[in-house]
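The two complexes that follow have chain A in common; it is paired with chain B in the first and with chain C in the second.
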Partner chain A sequence: MEIDRADGRQPNQLRPLSCSHNFLNRAHGSARWSHGDTTVIAAVYGPKSGKKTNENPKKASVEVVWKPNTGHIGRDEKEYEIVVKRTLESICLLTVNPSTTVSVILQVVDDDGGLLPCAINAACAALVDAGIPLKHLAVSICCGLTESGFVVLDPTKSEEQSLQAFTYLVFPNSFRSVLPGSPLSVEIGPFENGIITSTTHGVMSVENYLFCIERGRSASAALSEFLRKSLTKWNESNS
Partner chain B sequence: MVNQTIKLGDGLRQDCDSIAAVKAGTLRFSKPNKYWVESSHKRYVPCVGDTVLGIVVDSKMDNFLVDIKGPTLALLPVLAFEGGTRRNIPKFEAGTLLYARVIKTNAGMNTELSCTDERGKAAEFGRLKDGYMFESSTGSARMLLSSPTCPVLEALGKKLSFEIAVGLNGRVWVNADAPSTIILVSNAIKASESLSATQQRIMVEKLIQRIE
Partner chain C sequence: MGSTDGIQADIASEIEVDAFRRLFPLRFYERHLSESVRPDARPLNKARDTSVALGAVSSADGSALVKIGHTTMLAAIKVEVMTPSLDSPDEGCLGIEFNMPPICSPSVRPGQTAELAPVISKQLSDSILSSGMINLKELSLISGKAAWMLYLDVYCLDADGALFDAALLAAVAALSHLRIPVVSVNDDGRVVAMAGEHVEGKSVREPINREKRKLTFSCIPFSLTCILHQKYILADPTAEEELIMETLVTVVLDLSGRLVSLYKLGGNLAYNSTVQDCVALTRRRVKELHQILNEAVSDMEVD
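And now, the complex of A and B:
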């Protein structure tokens, strides 16, 4: 059964993605990620020595600052900061540079729905640009449940407001294996059942939630591919 | 694949049975058995044996604290100079530019530097007087130090005379008699980062024509 989305997309279709790297002069790593009209800029500084007093001295710490496009910093921004911080801490290799701090500053340029996933994608791309050691990359997507019970991916702001419930999901990206000596790369397949972060808003049943996760995971493969292509271009322009 | 021992350099990690890349970059191999990931960033990952340009931040009893654009400050022992004894400790103020060599890097500890070569001689290490220092990426610094001579330096060297020190941590120091030469050389190096060899030579020719 098809449903009509305002911009004519299929329920499974993502908005056009765009990503650019290393455009901020002073930041050690920077990335700008867009899902359609939603755009977030991430700047990464670090690793710098010094850390907060109650953090573990054997690990590096990640500090996130969220800057909204308008208005003062309130509770919502603090919540986003905590979610992004926990997500990034799980993908960074924290034991490589103990007792250092990596600062991530997220600046919202445009908000048209799916802000947190866009920010996490931008932050991950900026961490790669800065050369912070990572276990794997993270790709993030928003899945929503409409009033009529359909699951849609990557809703715009107007769609988000009319949704019964939506969830932001972050998945690890797929592994690719390379054997030295052979130019081919063999796709091993995504992390079976791996999920990094999930935040929900609104009420949805368990089956719908699991369905959202399944849809999100399949979309994450497309996002992984896009991120990989973008980073390959960045690498070629660097060397 | 035959059973062999391989050495993992920067950007690779062993995770039980598999080796994973922890950075984005180009996988490189050098005989007989070394693999590493080469990438260019604005920060530096200290590596034993590298020559770096550091800026003195503070001086303690036994060490100078030096900033080398790494995760932590580096320590330069006050005696790590040619003929260094307790009586002739050099006085470096905050902001002094030094050319030094990385001696020790251990996880969790500050990097250690030295201003002597392996045999204990000064060998151009130490304080860099006058001149102009600017920052570059680590990849650009590696390109400047590559052999055969990097095209932009070769082209500049044919027409101008200048002195240059390149730190693998992404800092370059240029000195010449005339300030205009220093400015020209610095601008040429900064602009050469994303250019190919022929483009670099053309750019340098155009810059030199302008001042002649």
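And now, the complex of A and C:
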């Protein structure tokens, strides 16, 4: 089952990841995340007092502003805003600071496919940087299905256009037990088997979708390991 | 938690049902769910009564009014002749817009677009275009010169949950009601409608398309929204249920059972088994909806 990818990657090989933290001075937290050539900057302000009407006063709310690299804000950007907002709301501890708003501003720097997953990863790293209380982290990935029925991970923009279907998935990151005395171990529990967010484009069979989830999940372990390492490194250099 | 539960139980035995429903909505629902019934007397996996009426807007080329429970959607299509783009000279175009006017729900303020409207709009065009339901080549009139542009507008008149399901059904019903009008090319080379000319049998100009025709659909997408709450799956939620229990999963399948879209935004985690259950519920619902749509279409043709 060999398939050729334009950039010579294996089907389940991700593009090189990079992540830097806290490079914006005024923001309470910021992060820059890249999947290959796709780069998104996230800035977090908050928790600020006050919030929109019509929302639950016992909970904090998350506000997401999406800035495209070119052009106006259209329907796609509005949809991205809601997807990121709902995803972040489900990983934040909203009851800690009731009646406040956390603003997340996402600036697209470069779009080479998998923009939404990159933005979610950037937003998540920026939330950690700003010290917003979170239940757990989330990692996001794009899985594509080729015409011949193979699953490829993290497709570039030109690959995305030739795919039969692709899906953006968000998984919770894997837990690591930090009990004193016991060796550090990454456990795959029932917790990681869930998906937080899923959006799909194109038609595929249900079996293929479940296959995409499975492949995405195994890759999400590597992603969450990368996120954890980069956060630890930043923490150490900061202290 | 145990002590507050106890207090709530004490209060529960004293206060009226309506007051209890407003004060402890989640607990009110959980009591129903543990008895496998919902406050509107539906079993958990049953959708609300659904009706489709075609031709609700007489000025449009195709229209439909759809009700799922109280959720009401009006869809209408207007066709226009346009010049196709250079990239795809043989293809027409379909523009889909979803509107939530302030009439539909107390949470929509006049002058502001509802938060959900652009999302549903995008989901609708994704589902209809990516499922390949419409062959855009069929909308071509003269290659490179003229093609049909379809404007499909869906209006939400009453938002009582499962908005996307109702909007998709309304859009699909309006498309199946659509009749493409007869047109011809006049001496100036412009495409004009042939009003009544073809009825007399000898038309001055040669029509491009012979008669008013329907579009052919290669497949039809249908959807079902479910709420995930603890171990329960509630099909076709009302607005009240959507407000209280936040994890929504929308599954769109076509008639041959392929997955067109699986849409879940945040909320609690969904496991593989839950996803499969939702897909199975949707499969059943697709059959129901297909039958409802077929009945509406055949009623229309008898008239």
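Just so it is clear, the second predicted complex is superposed on the first by the 227 of 239 C-alpha atoms of A that agree within 3 Å, B and C clash if a C-alpha of one lies under 4 Å from a C-alpha of the other, contacts with A are read in each partner's own complex, and residues count from 1 in each chain.
As a working rule, a contact is a pair of C-beta atoms (placed from the backbone, for glycine too) under 8 Å apart; a residue touches a chain by one contact, two chains touch by 3 or more.
Small disclaimer: the values here were computed from a predicted structure and weren't measured.
In the superposition on chain A, contact is made by A:N238 with chain B only, not with chain C. Of the two partner chains, neither chain B nor chain C is touched by A:T70.
Of the two partner chains placed around the shared chain by superposition, chain C is the only one that A:Y209 touches, whereas chain B remains out of contact. By the touch criterion stated above, A:T199 is placed in contact with chain C alone, chain B being left untouched. Overlaid on A, the two complexes show chain B and chain C touching no common residue of chain A.
Chain A makes touch with chain B in their complex at residues 28-29, 46-49, 58, 93, 95-100, 128-131, 133-136, 178-180, 231, 234-235, 237-239.
Here chain B touches chain A in the complex through residues 1, 11, 13, 20, 22-27, 29, 35, 38-43, 45, 71-73, 107-108, 137, 139, 194, going by the rule given at the top. Touching chain A in their complex are the following residues of chain C: 107, 115-116, 118-119, 121-123, 126, 130-132, 254, 257-272, 275-276, 279. Contact residues on chain A toward chain C in their complex (touch as defined above): 54, 75-76, 78-79, 82-83, 85-90, 165, 167, 172, 190-191, 193-206, 208-210, 213.
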